[in-house]
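Heads up, there are several structures right after this.
Both of the next two complexes hold chain A, though its partner changes from chain B to chain C.
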Partner chain A sequence: MVFTSFEFLGFFIVFFFLYWFVFNVNVKIQNLFILVSSCVFYAFWDWRFLLLLVGSSIINFFLGIFLYKSSNDFHRRLLTYFGLLQGLGLLFFFKYYNFFVESFKELFASFGIQFNVHTINIILPLGISYYTFRTISYILEIDKNKITPTRDWVIFFNYVAFFPTLLSGPIDKPATFIPQLEKKRSFEYNEGVNALRQILWGFFKKIVIADNCARFTNEIFDNFHNYHGSTLLLGLYLFAIQLYCDFSGYSDMAIGFSRLMGFNVTKNFNFPFFAQNIADFWRRWHISLTSWLTEYVFTPLSIALRDYNKVGLIIAIVINLTLCGIWHGARWSYIFFGFVHGCLFIPLILNGTLNKKKLLPKGNALPTVKQLLDMFLTFTLIVLSFAVFKSNNFHEAVTYYAEMFSGLFSKNAYVETFKFLLWENLIFLVVTILIFILIEWYGKEGNFAIEKFGIKWIKQARWAFYLTLLLFIYYFAGEKQQFIYFKF
Partner chain B sequence: MEKLEILDIINSIFIDVLENPEIKLTEDTHAGMIEEWDSLTHVQLVVAVEKKFKIRFTSKEIQSWKNIGEMVDSVMEKIAK
Partner chain C sequence: MKKFLIGVIKFSICFLVIIHIRPYYLIYTGGYKEKVAGAEIYRSLLKSKKKRKTKKILLGDSGAYQLFPNKIDSDTLNSLTCNQAVSLAGHYILLNNYLQAGNQVDTVLMMFSPTTFRNNLDQVFTYHYFLKPFYIPEYKALLTPNVIKQVNKIPFRQISHYPIILTSNWAPDFVSKDTINYTFLSPVAVDYLIKIKELSVKYHFEMMLLSCPLNENQKAINDRIDKNEINKVELVEKFDNYFKNLIYLPDSFFMDKFHLKHPDQYVDGYKKAMFISH
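On to the complex of A and B.
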């Protein structure tokens, strides 16, 4: 039941009316209804893993209360470690066990030693990386005395398993989300309209741009030996746009559906392709994950290493970004991706520009040549690193890079790329992407690009714009693709 | 040393480190209220405060502060020892 399916839309319409018109008697009943709906939603995907989600929630609910009650430092530490072990243990077992076994096998085999542990056939429970990070955050915040645990199990379960954000985030912190579950919510018309706008924009990004890009990127990546370097480079640019529209489109929908329920969910993207250096990019991309890692990995590390000045900062950032790579899954390519991104911070740390916030021109103003150049170079750097997300393994990514760079200036390369652009109307998609980027540029001061787009126009013109988006979604929908970030 | 005196010294440290002469700290000021104060500059601020008062915070203390007031309390506690 993905957000873009008719099943989900049917589910949500029924939910919406019951939520606001039947179960709005009091906040407790409304919360219970959200919880039941979240369980139904999750069970639609795989009911077996619902037990895992419930089990993990029960453990952390009681753990939070025991931790708060305990005044003995040793007991507190023990309970916190237990919470971490439970969360990370789950992740390790489902996400990383096979990777470690295989890596150890290869390592021992290279020394001629047989390592007799077998891999197991495990399916990754959907959303586990997201809800586990929520439970860990809850325990660590209580340990740091930043929040008090909730005594209402319905509220806690809703924090862990809130269905709009359950499968792919954004990952909310307990301090911002739990209070919203505790107070009475009311439906605001303007907020509802704005939420629908955000959902519409999310649909457009996912169905029109990401799913159409997928057709071409699948073709290029599946048959990359048959294409010249310049077409492979085009494939990477298209994939970066696809990944962004897929994941930020999902996030827009998740935030939009939450807003229709009266919740403010944390922002996940802030126009990352307008970033002017790598640090700026990571402040704008998958914000809820990076702020989670900043809070619980980078900050303690950089505090512990503060006596080593710049070297300490470099170590903290490289470890943080490498872990960010590993979060995506058990593959060497993700580890490499995170490590490389960490290393890209080094020049900024060494020349002291890391703290300098990069500003973008206000309103409708165009960027300066320097800003444009910085944006293009940063975007290209990011684009080049994304091959690891699309390739099936590290070796394939390396081969892709090798063929791309060696074939960039080969004979007829650009003629072939031009012909590829004419294939199956790719050129039409490229023009749509360029218009999309322009809309994103003019809407970059909002929470999402079309939040204020056309707000000063006459009503008919604004509605014509929304209708155009709907027609695009209906007539130019790409072949349905699973959301990329579901597998993480 | 008085609480206000410490707050003044910390204010000047913030102005230096964050290169923003307009910063005016109160006990309720927290990271969300000053644009330049993020996870990266936070450590630089802590190091500067430690150097100025010749004290050393534990990692847990640093991470438990919710606002400037709690940072000032930690400084007072340390220099009183």
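On to the complex of A and C.
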């Protein structure tokens, strides 16, 4: 049951009415109802993995209480490590076990040693990377005495398995989310309308832009040996847009549905394609994950390595981003992706511009030539690194790059790309993307692009704009594609 | 909350009204029949109801459609080809329409690959390609209990003619749970081969069974066909010829599992086989 399905639409409409009109007697009943709904939502995919989610929640709920009660430092360390081990162990088993076994086998085989450990045939439980990071965050925050554990198991389970953010985030911190579960929620008209706007924009990004891009990127990536370098480059640009619209579209929907329930969920994207350098990009892309890693990986590492000045900082950033790459999955290509992104920070660290804020022009103003150039170069760097996300393995990604660069300046390359652009209305998609980027540019100061778009217009004009978006979704929906970040 | 809900309802009504305009317009003009996937079915249906002098008619699946598309009019052959998803039931209705229109027929050429005979209206395509054009009151009397039984298993069949659904390519995800106990002739195919045979007796026409060239990947499946199934329809001689004349070509000759890359190369050969000249 994904957000873009009719099943979810029906599920949420029923949920919304029961939530606000039947179960709003008190906050406890309302929370219990959210929990039951979250379980139903998750069980729609595979009820067996619900047991894993419940098991992990039970362990961490009690662990939090024991950790808080314990005054002995050694016991606290032990409990914290147990919590980390449980969470990371779960991730390791379901997500990374096969990768490590295969890699070790290959490594030993290269020395002529046979390594007799078998891989396991298991499905990756949906959302495991997200809810495990929530439980780890909970244990670490209690360990640092930043929060007190909740004694209400319903609240804790809701923090772990809150259905709008369960499958692909955003990954909320306990300090910001649990208090919202504890207090009574009321429905605000403006919040409701804004939530619907955000959901609408999320749907537009996912269904019109991402799913339509997928048609062309699938064709290019699946048959990349048949295309010239310039078409392969076009495929990469389209894939970057697809990935952004897919994931930020999902995040907008998740945040929007949460807002309709009276919750304020962490923002996940801040117009990353307007970033003017790589550091700026990572401050804007998948914010809830990067801030999680910054707090629990980068900060402790950079403190530990502070005596090594810039070298220490470089090591901390490279490790942090390599881990960010590994978070996406057990593949060398993701490790490479994270490592390369970490390395891209080196020039910024060396010339001391790492923390220099890159401002964008206010309001409707257009960017300066320098800003535009910086944005384009940063975007291109990002785009070039995204092949590893789309390719099936590292070797395929390397071959893609090799064919792209070697064929970029061949004689007929651009003629072929132009023909490809004309093929099956891709030109329509390119125009739609340009309009979409313009709307994002004008809405860049809001939480999402259309938050304030047309806010001063008369109601009829505003409605006409929203109806136009809806009609685009209705008439120009691309072939339904799974959300890319579900597999992470 | 009240203001919010009223706003949402008003907006939804506006949206619903707007999205109904185009489907009603398309139904009013009949334009949807040319716009939806499977437009060739509606074209064949339209052709099947017209009075023509042509005495040879061709029923066929998409392989046959590649060779003899129904867009081309000829004095010697009236092509009513469309695709396999309509099943033998759909092809029977096309033939019946043609005869009911008062046309004289001496030969009915049936160019179907073995896959078409296996269709038991249990595919994901059945909703869009069979229910929408054929599951209408006009044809209900022609549907056998097997067809009704299969149709009743398809989800959302009740709304298949709702304007928005009818004028779009939407169909529900449908996976049949039927156990298949035949290798060649599905129960629906058996029903309609018998019905076509009955028509041949009543209207005195000759039936001829043939297939478009097949992908060699299909050979192993077709070699496992249980020929005893053919006894049910008592068309042993015709099917003997059918199997004898099956042509298998290498996979590289096809753009997918079934469709030829260069169908034009085979048209003349088939014309000779069907004793027609243009």
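Some notes on this structure:
Just so it is clear, the second predicted complex is superposed on the first by the 488 of 488 C-alpha atoms of A that agree within 3 Å, B and C clash if a C-alpha of one lies under 4 Å from a C-alpha of the other, contacts with A are read in each partner's own complex, and residues count from 1 in each chain.
What we mean here is this: contacts are C-beta pairs under 8 Å (C-beta built on N, C-alpha and C of every residue); 3 or more make two chains touch, one makes a residue touch a chain.
Being a predicted model, the structure only gives us computed values, none of them experimental.
Following the overlay on chain A, a side-by-side fit with no clash is recorded for the pair chain B and chain C.
In the overlay built on the shared chain, the residue A:Arg77 is in contact with neither chain B nor chain C. Contacts of A:Thr294 after superposition on the shared chain: chain B is touched, whereas chain C is not. A simple residue count on chain A separates chain B from chain C, and the partner touching more is B.
Once the two complexes are laid over each other on the shared chain, residue contacts for A:Lys28 go to neither chain B nor chain C. In the superposition on chain A, A:Leu313 makes contact with chain B only, not with chain C.
In the superposition on chain A, A:Asn145 makes contact with chain B only, not with chain C.
Closest C-alpha contact of chain B with chain C, superposed model: 33 Å.
Shared contact residues on chain A (touching chain B in one structure, chain C in the other): none found.
Remark: chain A residues 20, 187, 189, 192-193, 196, 463, 466-467, 470-471, 474 touch chain C in the complex. Residue ranges on chain A touching chain B, taken from their complex, read 144-146, 294-295, 298-300, 302-304, 306, 313, 354-355, 357.
By the touch criterion given at the top, residues 35-36, 38-44, 46-47, 59-60, 62-64, 66 of chain B touch chain A in their complex.
Only residues 1, 3-4, 7-8, 11, 14-15, 18-19 of chain C touch chain A when the two sit together in their complex.
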